[in-house]
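Structure, as structure tokens:
Chains here go by letter, A, B, C and D, matching the order in which they are written, and residues are numbered from 1 within each.
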Amino acid sequence: MYFTYEQPEFDKNDPGEIRRVIREAYENGREAAFLGRVADYIPELAKADGGDFGICVKNMAGDNISFGETEKRFSIQSISKVINLAASLKFLGFRETFSHVKMEPSGDAFNSILKLDLASDLPYNPMINAGAIQVMSMLSNFMDFDDLISFAKAFCMDDSIVLNEEVYCSERDTGDRNRAIAYLLRSKGVLQGDPDKTLDLYFRMCSLNVNAESLANMSLLIANNGTNPFTGKHVIHPGYIRTIRSLMYTCGLYDESGEYGVLVGIPSKSGVGGGITASVKDRCGIGTYGPALNEKGNSAGGIAALQHISHLLQLNSFC
Amino acid sequence: MYFTYEQPEFDKNDPGEIRRVIREAYENGREAAFLGRVADYIPELAKADGGDFGICVKNMAGDNISFGETEKRFSIQSISKVINLAASLKFLGFRETFSHVKMEPSGDAFNSILKLDLASDLPYNPMINAGAIQVMSMLSNFMDFDDLISFAKAFCMDDSIVLNEEVYCSERDTGDRNRAIAYLLRSKGVLQGDPDKTLDLYFRMCSLNVNAESLANMSLLIANNGTNPFTGKHVIHPGYIRTIRSLMYTCGLYDESGEYGVLVGIPSKSGVGGGITASVKDRCGIGTYGPALNEKGNSAGGIAALQHISHLLQLNSFC
Amino acid sequence: MYFTYEQPEFDKNDPGEIRRVIREAYENGREAAFLGRVADYIPELAKADGGDFGICVKNMAGDNISFGETEKRFSIQSISKVINLAASLKFLGFRETFSHVKMEPSGDAFNSILKLDLASDLPYNPMINAGAIQVMSMLSNFMDFDDLISFAKAFCMDDSIVLNEEVYCSERDTGDRNRAIAYLLRSKGVLQGDPDKTLDLYFRMCSLNVNAESLANMSLLIANNGTNPFTGKHVIHPGYIRTIRSLMYTCGLYDESGEYGVLVGIPSKSGVGGGITASVKDRCGIGTYGPALNEKGNSAGGIAALQHISHLLQLNSFC
Amino acid sequence: MYFTYEQPEFDKNDPGEIRRVIREAYENGREAAFLGRVADYIPELAKADGGDFGICVKNMAGDNISFGETEKRFSIQSISKVINLAASLKFLGFRETFSHVKMEPSGDAFNSILKLDLASDLPYNPMINAGAIQVMSMLSNFMDFDDLISFAKAFCMDDSIVLNEEVYCSERDTGDRNRAIAYLLRSKGVLQGDPDKTLDLYFRMCSLNVNAESLANMSLLIANNGTNPFTGKHVIHPGYIRTIRSLMYTCGLYDESGEYGVLVGIPSKSGVGGGITASVKDRCGIGTYGPALNEKGNSAGGIAALQHISHLLQLNSFC
């Protein structure tokens, strides 16, 4: 952790300096990756190389600073929850979406069933499995996977996104905890769609093949208030973006969200595939890939790199 | 809730317009107060007038726009947790402070014991009772109440802050749940000071008499990176301020923090005495007083007013 | 409750006296039924008549003392858990059975998921839904419904037991919480069979049509150490019977088991269909039917009648 | 575990045979003790010798069969909960006692706070810490320690019982979790006496010095329906005994009660000092001492010995 709060002397407008900081962040991330561990609860994920690390930073002007494994494809996993939420806000609206899912950080692990049984019929937020399944149950009534992947491509400004069939099969075959969540939600009368169709779409969206560049793009679009800066296409209304950013901030890194907020302070979302997407309002989008995870399920390398970059480039939302 | 995301035409630099918006916020808050209910779990709190409402907005230039009950004194209650945290950061540092308390939103009520028994020996964050008691146990080893109230006066830029003796006695006499928390923390070997002394200081700090102006001042100091804008005195190092802001954002309104983040989006802290303090970086500090609370224990009027003001003056951290 | 511990003068060997006590118990039960409420979480159950009440007491000599609705058929519901456990002990043995389910009262409601998520991968005991589903997953690998219903007929000494198709369909269509439990068990790697087949058998066994006489028979067989007293057929080895009795005692009435143990003190099992079976070692079997349930999900009339009969005929295991 | 249910050929009326079985039980217990571990959460308890083991069996005729360390004194710990409950039943009655504590096994560890925070304001049963503290809060209003120790001496038929001062000081100095429980109960408005006085008496009763003989005596008195078989003195009304027996059965061995019921099947109570008392209605009282505990906090040697003796002498309540 950065326990010093002293900012180094640094010219934020010097492209060479920025590039140097991002390279340092890359090196920090690659080092930190060795302390993490590749996820193995889904067989396909266990095939990743724990030593891989890459970082990609993009701005509205089209500058792209990348180091390491930024083109390698991996499964998006929980980062798809941001896409699902965006689709729900765009197509169903704020009021309908949040009639069926809350907006509170849960303090529990991403796949916890506890609060559902104890505290609330509605899932705590769209960034945990229960909430994302709930969101997908709403979408499942009028969108199919073709619609969703089209939206994902636009949201990530990446036409190369495809379903990773192996990951999808692995997800589907080992998704019993998510099935338990879906049936528990239906037993409480809150699930909004058919459980099988909902889960199938949920598993498919978790299995989208992205790379660090796609994740930088996604965050760049969010940083640009929902508009593709290169084509000018409005993908999602700017009014919904603040909701997405706020929930990424409070709930984006599972039960490490609070600490990440203090140490990094950028609205972000992580996935157990090893990705993190981090969106700096009006400035840039950042994507990292590092499949070695820390004990909270977040990319060890990604966090180290983002902490460095946030500190030196002063990207913290609250500093 | 503001379900429209359309921003009205509005000149942010027109002082008359700003004043008009704050008056509307005051009127909204006063209306919403009638839907809330005065806290009664401490006898002294039950004496408040649920119809009271006031709002005070201050900026670095010394402008002060106030409507309603902004000078009436009431007990600071949980807002003192921000002062305790600030004192701990200033006098003990980041590393020592967060060796003994975590930084995660808990998803539970402010006085919950659940997570302590289930999930973690360390309290989840300094903004819930367990975490604030833990912070106070550290401070209790080298600060007495005189030291703490002096720091509180500086932090709130308000020399008139005194202990409300009636509230303090009421807190002390009915503080069994907090005693249970302190003893549970000690049984786990994590409490850092004597439980009696810790609780006495904790109860005293909850019983400080403030008003909406003091709360606006506190947030103005935070907005000004820890420096009193009028005297130039550095009360707390700017490096600690981002930690305070981030934890106010993720944990400041109990288990309504996530929703408040989406709807208001300003780092804030509430207390069951009816106060809310909200800090807009580089711009202003806002204090509200409305003792009628919603079901989460947050000021009903305060939230309504802050939502209006955040929306129209575009103070949301993420919009 | 019987707060007097004075035993009335009473000749336990006088058949007329015994008959009188059972009639009183019937009358108490019929009264108490009016305080209960018919289960409605499954549509078919809601069709029962809350005013119905019947009691049947049978001994090894073939004496049968019955009052009220003792021939009316209703669904066995959770009482089938005793049959499932007996089948598992008989066909798989003690060691195998309790390698996959614990023997502890849970302190939670019958359909709770809490402990599974918090405290233990194995279900707490075979008398709650999670434990009974787990037991059925073992049986499902080598028994089909024909085998199970044959065993149930022998265990209840009742050849008229059939599947209630309406209840079965109702169970199956509304069994999402049980599905959630089965998938959660499989996600933890403890479920021993296919979830769909397991649940289908579980729902079918809950839907067996019994009456108060069948339940008296079942308990009579248990009271007679597993042997049909009329045919001499050994249905289950006496060695397994003490395990069944002990688990009925500690876990048989959901989270009312402890109080029932104190007030009635007979190994028993209840079902939300309104039945209770109670087995008095070496003496008799008792079956009651009263679909109006108390707030714990146990037959209000059944408990009142059994408390009376236990007190006056001194059937308490521990008095 | 005894997975065979076959009873050996055995003449229950042959005193030599009985003595032989008890000696075998002693040897089993001594062996099993080596698998356990002495409690260390209270410094004084950690001084015990984990290899110690003793068993004492007494009947109404005054026969006493003892092997091993049956005269060594140790602290009674949780077994005092039976004495506290007996005193409450005797002096306050059933109705008053159970207005303030429930009768349900909790499924949680002996010192759990969980259910108090989650599920119920009243403690689950008098055999866990929360319930015993609650019972003591009632007694504290009209009994002092002299009264309680006098009752304990009569209940254990042992005039040599004294307070172990070292254990008492150790309990008092490390009793923070129990303090937390007491304050939590008072915060819910259910504690019936002063917390300090209640806890002092509770700690003192846990610190009574007993030996395996005292524990055999206590169970003999319970087996004899509350009357001292040697003096004929009625210590507690027989009507209360069935309540004590039933709660010992369902709740006496913490969260191992259910399994112990199946495998041993004798109403019993254990303490972390290493004692177990087991009461066989109308037959005998058994006391064991073995401070090496299993992972549930119950004497490893005691359970092994009692399982053997119950099996071979057919003392199981339900076989």
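Everything that follows uses one rule, which is that a residue touches a chain if its C-beta (ideal position, glycine included) is under 8 Å from a C-beta of that chain, and two chains touch if they have at least 3 such contacts.
Quick caveat: nothing in here was measured; it's all calculated off a predicted structure.
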Compare the CA centroid of subunit B with every other chain's and tell me the farthest one. C
Geometric centre distance via CA averages, subunit B-subunit A, whole Å: 31
Cα centre of subunit B to Cα centre of subunit D, whole Å, reads 49
Separation of subunit A from subunit D, taking each centre as the mean of its C-alpha atoms, in whole Å: 54
Could you check subunit B for residues that touch two or more other chains and list them? 118
Touching pairs among all chains present in the structure: A-B, A-C, B-D, C-D
Which of the residues in subunit A come into contact with subunit B in the complex? 1, 3-6, 93-95, 102-108, 115, 119, 124-125, 237-243, 245-247, 249-251, 255-259, 261-262, 265, 267, 281, 316-319
Residue positions on subunit D within touch of subunit B in the complex are 112-114, 117-118, 176-177, 179-184, 186-187, 195
